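Okay, here's the structure, questions in a sec.
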Amino acid sequence: MKDKKIAILGTGFISDFYISTLHGTRARDRAIMAYSRSEERAERFAKKWDIPKWSTNLVEAVGDPEVDTVIIGLPNHLHVEAVLACANAGKAVLCTKPLGRTAAEAKQCLDAVEEAGVFHGYLEDLVYTHKTLKAIQSVKNGALGEILWVRSRETHPGPHSDWFWNKELSGGGAIIDLGCHCIEIARNFIGKDILPVEVMCWADTQVKPIDAEDHGIGLVKYESGAIGQFEVSWNFRGGMDLRDEVSGVEGTIRLDHFLRTGFEMFTATGEDGYVAEKAETDKGWLFPVGDEVGALGYDNMFDDMFNCIDNGEKPYEDFYDGYIVNAIIDSCYKSAETKKWENIDLKIWRGKTGVSKISGLKDYDDDHYLVKEEKLPDGSFKLILKEKGTGKIIQRETR
Amino acid sequence: MKDKKIAILGTGFISDFYISTLHGTRARDRAIMAYSRSEERAERFAKKWDIPKWSTNLVEAVGDPEVDTVIIGLPNHLHVEAVLACANAGKAVLCTKPLGRTAAEAKQCLDAVEEAGVFHGYLEDLVYTHKTLKAIQSVKNGALGEILWVRSRETHPGPHSDWFWNKELSGGGAIIDLGCHCIEIARNFIGKDILPVEVMCWADTQVKPIDAEDHGIGLVKYESGAIGQFEVSWNFRGGMDLRDEVSGVEGTIRLDHFLRTGFEMFTATGEDGYVAEKAETDKGWLFPVGDEVGALGYDNMFDDMFNCIDNGEKPYEDFYDGYIVNAIIDSCYKSAETKKWENIDLKIWRGKTGVSKISGLKDYDDDHYLVKEEKLPDGSFKLILKEKGTGKIIQRETR
Amino acid sequence: MKDKKIAILGTGFISDFYISTLHGTRARDRAIMAYSRSEERAERFAKKWDIPKWSTNLVEAVGDPEVDTVIIGLPNHLHVEAVLACANAGKAVLCTKPLGRTAAEAKQCLDAVEEAGVFHGYLEDLVYTHKTLKAIQSVKNGALGEILWVRSRETHPGPHSDWFWNKELSGGGAIIDLGCHCIEIARNFIGKDILPVEVMCWADTQVKPIDAEDHGIGLVKYESGAIGQFEVSWNFRGGMDLRDEVSGVEGTIRLDHFLRTGFEMFTATGEDGYVAEKAETDKGWLFPVGDEVGALGYDNMFDDMFNCIDNGEKPYEDFYDGYIVNAIIDSCYKSAETKKWENIDLKIWRGKTGVSKISGLKDYDDDHYLVKEEKLPDGSFKLILKEKGTGKIIQRETR
Amino acid sequence: MKDKKIAILGTGFISDFYISTLHGTRARDRAIMAYSRSEERAERFAKKWDIPKWSTNLVEAVGDPEVDTVIIGLPNHLHVEAVLACANAGKAVLCTKPLGRTAAEAKQCLDAVEEAGVFHGYLEDLVYTHKTLKAIQSVKNGALGEILWVRSRETHPGPHSDWFWNKELSGGGAIIDLGCHCIEIARNFIGKDILPVEVMCWADTQVKPIDAEDHGIGLVKYESGAIGQFEVSWNFRGGMDLRDEVSGVEGTIRLDHFLRTGFEMFTATGEDGYVAEKAETDKGWLFPVGDEVGALGYDNMFDDMFNCIDNGEKPYEDFYDGYIVNAIIDSCYKSAETKKWENIDLKIWRGKTGVSKISGLKDYDDDHYLVKEEKLPDGSFKLILKEKGTGKIIQRETR
């Protein structure tokens, strides 16, 4: 295990969360350089987190000889420049989500790091939550059979910083901000090597005084026939709603990451201080999250990234994944305009192709397929069968 | 209050549920006639429920002079004929869902009862659950502000009788069977007088050896900009999943009707007998429903219907509602084929038109709209504002 | 089925709930007489519920020739007089909980109705909730094996009327008010024919400026070795907490009747109107109960009572049960003072005696009892066994 | 931050959990010595966890010059000897729970480490879960007002190793094994400086073929009048039930650590592998825990211990706390035999004494105390007041 000496680029909300995760443990890894476009913010951030050096010069920050790893926590429109700087400097680079504002930007990032041969990690934290990783493992172990449908929902009352609300800087609205999580979560459950084929997306600006969408819903269809459904909104009331549902031929999973996790508090008086990210009230029934860092996946994410750097391995999420997500989002925005399903245009695809459609066909006997078997209230069993020869559906009751 | 003397048409699962509801209370209302196409089933059903008369002749059953009210619990393809017989006989008629296989059939039913001037009720039970009625009332009281989005999900491992699985007889698959509930639930939350404008729908046969869809997802867009989202499946594992979510400018509602209702049981040994409709296991963790009749809305539904007959009023759900739902479903099936949004073609519309789009615009001061206000972990407040003049988004921090 | 013509005694909160249950359905049963000590309240109540007659004379109200059934909804100190009046008048009598302030009072009631030979029902509604009845049935079916422990909790921010808070009138505090429910619920799960033997009880006045206890916890030990644990409080914050847990050799049950029943609402603005009995807030996260009448058991309770009157049967809960509960409570108050376990002094016991203690002994093989078998994280199995001969505990690992 | 070089004593289930926590992170801290009474187990454990040295000689293991910190994961009857060895060797010592089999043993441990002046930590992990720490903080911040009652429940189907089931080796049954957690959790919520005064405890052997209790319930009364209630059992079915409830004058908290934490899975087929500690089934509805290490508090616990060693501070839980817990348990066992409340005999007490009883008295106006205020279903408000002069309880309704 080798100590990481990190440059953190950006000093906003996400960088705070990243560094509080890293410096909050007994790990050897430490930020030693903070970069911001503003000297005041750079200095303040560095002092807050006990980071010895700070800079307003991107190339110098990245190029500092002590720095071996760069974490990009900058607004979306600054990712490409920052990634190119890291590639140039030959530094391992970890970039926050989304990788780019568009697939073109994401591809530029991917190409740069691959040409430079540097380590690249895509900081898709929500795939790394303890629950999500364990659930993905159960799916891989076959607990749910083949996956038919995934719903990933991320809604809250809106992001923290001004640039998110500016379509030019962020690349869109709730879909680019939150949909990138949901799309990649669904992809992980359905299989990262299963080709996403086409998308249907609805997007609207229902409440907020902005140009971008504040609410969006999309269906991503995979070659297996599986559907990855995302629901994102900046209009949700009641806290931060992060939930996933997975449905397979043999089972189902439900995850609640933030609102109902086994911690419930009623307070008539409130307390001074912070309840949970994006909580809306401080009195009445509240649902604090015990371990926000873990519930958002930051701890596992950095462990994986740094261990992979140590071992010369690919991390669970890298820039290739970031590119796939951006390509899907591009098609979402197109579909929201054309009001029809749109193909996903992947310049790069490293998974399977020609996967055949899921089939749940079950033989009942030589002459019949099983459609359904059910125990009725009176204790009898009812069988619905399909005759193989005629295709006719019949029913039988047994006691 | 006048005793209802009821003819029940059909002797399958739903008729069992209807009559067990009616005969299970201390009400005066009783079935006095049972009709089935099969004499054996008619007689068996009549004896089971202590119904004095039975018949295999539809016109005679409906026309029996003692009968004042007819409940149609027949397969979908037999609804039109049965409704026409009731209209002819001048009897109050309550028809199970969906009203028709198509909007054309539903309109035929609606036209017939309106021309005959008989009472007509649409047995959309899931709108009548105690939870749903109470939630709708809260929405009408303004607890959620304007409604932005409704999700209604009904999935289970498939219906009870052979005819459901036959597209010709039922009119489709999971969408006609289950989507009719979800669509009408969403319509109730969004407002029954708000025009449904267009739909986008995905449907597929993922698992079952049938021609119709066993899984479908649809978005119904209303004139207010609200979205009614339905998710239906015959492939779900783990019981019967009936859940609704409602999101408004000022609040949110979540309803779980069947799987997590405050009754949890672990049994290592099981027991002989019935756990709950469509439960899949009888050992391990089980989630029985205390009051299935109430959880499915049957009690409130018949109370409303019979009280309205007594008082000469329109029930909460009538054939007009059934027609609207069928018209939406017609467009869903079309959209699933054309892969684009399809307009909803309503021959009859009795609600509002020209409703303007929801607006959540909030003034912060004379010069700014409020985009967002948030309390940060360090106790400070962050404001995101939009300058009215320039349209620029800015942020301010206050302590 | 015969229409019940009811005299309702008392016009407070509980009588409101009773009559709204009865008049809210399509049943034939109706209140035709209202009695209150105050003419003004009697008249107001009668008009509110469309009751044709009212009176301030108890004997006249009960003795009215049209009245066949009397429901007692009076404060505790008035139960004996009212029951005696009913017995004298030869009317069926249903009495709210607790039956008496003491076992002596309860016995006086029981003796009177039995001597007069009139029907008597004990209105222990919480045993009659849909969930509770279904759970009791599962226990009777053997789903949990022999019952080891029951926890019944009823806590809320305090009762509605002044007399509850006066120890002389009510017979105590939270234990007599709420413990009577919990004790009878536990008795139903453990078995109504299993002898309650002794109790240990803690009671204190922690918060309220009253003489009686506002918080109490008790353990009731049954002859089988099972424990019925009750927790009652008038100091609870956050609504009305009605929960039961049942633990048996083969399983467990958890019931939540009021706070987490599958209905969740967040409202930033609130609405005008009533949320749920004893809810404390009208903004933020709220947990309305869909069907309060059903969740509190009123519907099933009156159905059982009236059907039993019709059929000449004993109801599920009668004055004998009320007497047993009062006898247990008497011992609770004694134990709270003496600070030791106190015997339960039952002048009347109609259940089993000499029941032997629960035994969960399981043979593993001829030489060993099974203590425990567990699957470990690495997939191996670990056995804990007891040697029959030596009594020694040993362990074995198998793969 | 200084790397810890750890000797781990014992190679059973708990040592596995401890070392998997420590070696599973990017921390510098590592076990470098494993001790077991059995050479074979010592070697196997060392190899499994990549620990360079192992020994069957306690004094040598502890005295190894490279070792700076010792973690005791041995059976209860071996704690004293191990602690004394550490004190002799002048090493920092962390001991698993319970500290001793009796208060006398615990005091021997405490005296030894204090005389030797070595760092001592009590590995009460369940106080260190993310949820518990956050909840304790909210209580300290006043969110619940003064604490009235805590319920801590830990039940499961029984421990992993043979020695637990042997009363001589472990010091008792479920109470010494699980009650030690619950007692200390309650103490943390009520206030570690509030004197525990007396206890009432029930214990029985209901199911298992053992001498010790397999089920116990206790009430610990504190000087403030608060009650800490524990419920422990080795007979529970359905997994591992770890829940806490806290009730205060102004609020309430509910924690579920293991069975309902926002991860639900239904699987008809199961999967190969481990679901969660003490889960009983691998099909049907399962409730995996995302982060078992975090849910059990191991991560925070070791972070606190090692940081305190680095900084020369006292950890959140040390041997003094272990001693208090053992003293309470001694009184529990006594009370279970005498069947009355027993005083807690504390030879050492370092908290407050003479704390006055909680008072929730609230003035309504000059002449009245407020008993209760409630909003009724019809929208009116009802006040219950106590006249200061007369002590009389009155009620007022306002609209």
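To keep things simple, chains are lettered A, B, C and D as they appear, and every chain counts its residues starting from 1.
Following the convention adopted for this analysis, contacts are C-beta pairs under 8 Å (C-beta built on N, C-alpha and C of every residue); 3 or more make two chains touch, one makes a residue touch a chain.
Here the structure is a predicted model, which is why all the values come from computation and not from measurement.
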What chains, if any, are shared contacts of chain C and chain D?
A, B
Taking each chain's centre as the mean of its Cα atoms, which chain lies farthest from chain A?
C
Is it true that over half of the residue numbers where chain A touches chain C are used by both copies, so same, or is it different?
same
With chain centres taken as the means of their Cα atoms, state the distance from chain B to chain C in Å.
36
So what's the Cα centroid distance for chain B and chain D, whole Å?
49
Between chain A and chain B, centroid-to-centroid distance (C-alpha), Å
33
For chain C, write out the residues touching at least two other chains, lowest number first.
144, 237-238, 250-252, 266-268, 272-273
Among line, ring, star, complete and other, which best matches the way these chains touch?
complete
Per the contact definition, I'd like the list of chain C residues that touch chain A in the complex.
237-239, 266-268, 280-281, 283-287
Show which residues of chain B lie in contact with chain A when the two form their complex.
144, 148-149, 151, 155, 157-162, 165-166, 200, 202, 204, 206-210, 215, 217, 219, 221, 225, 227, 229, 231, 233, 235-238, 241, 247-252, 272-274, 277-278, 282, 338-341, 358-361, 369, 371-372, 374-379, 382, 384, 386, 393-395
Which part of chain C faces chain B closely enough to touch in the complex?
1, 25-29, 129-132, 134-135, 138, 141-145, 250-257, 260-273, 288, 290-291, 294, 303, 306-307
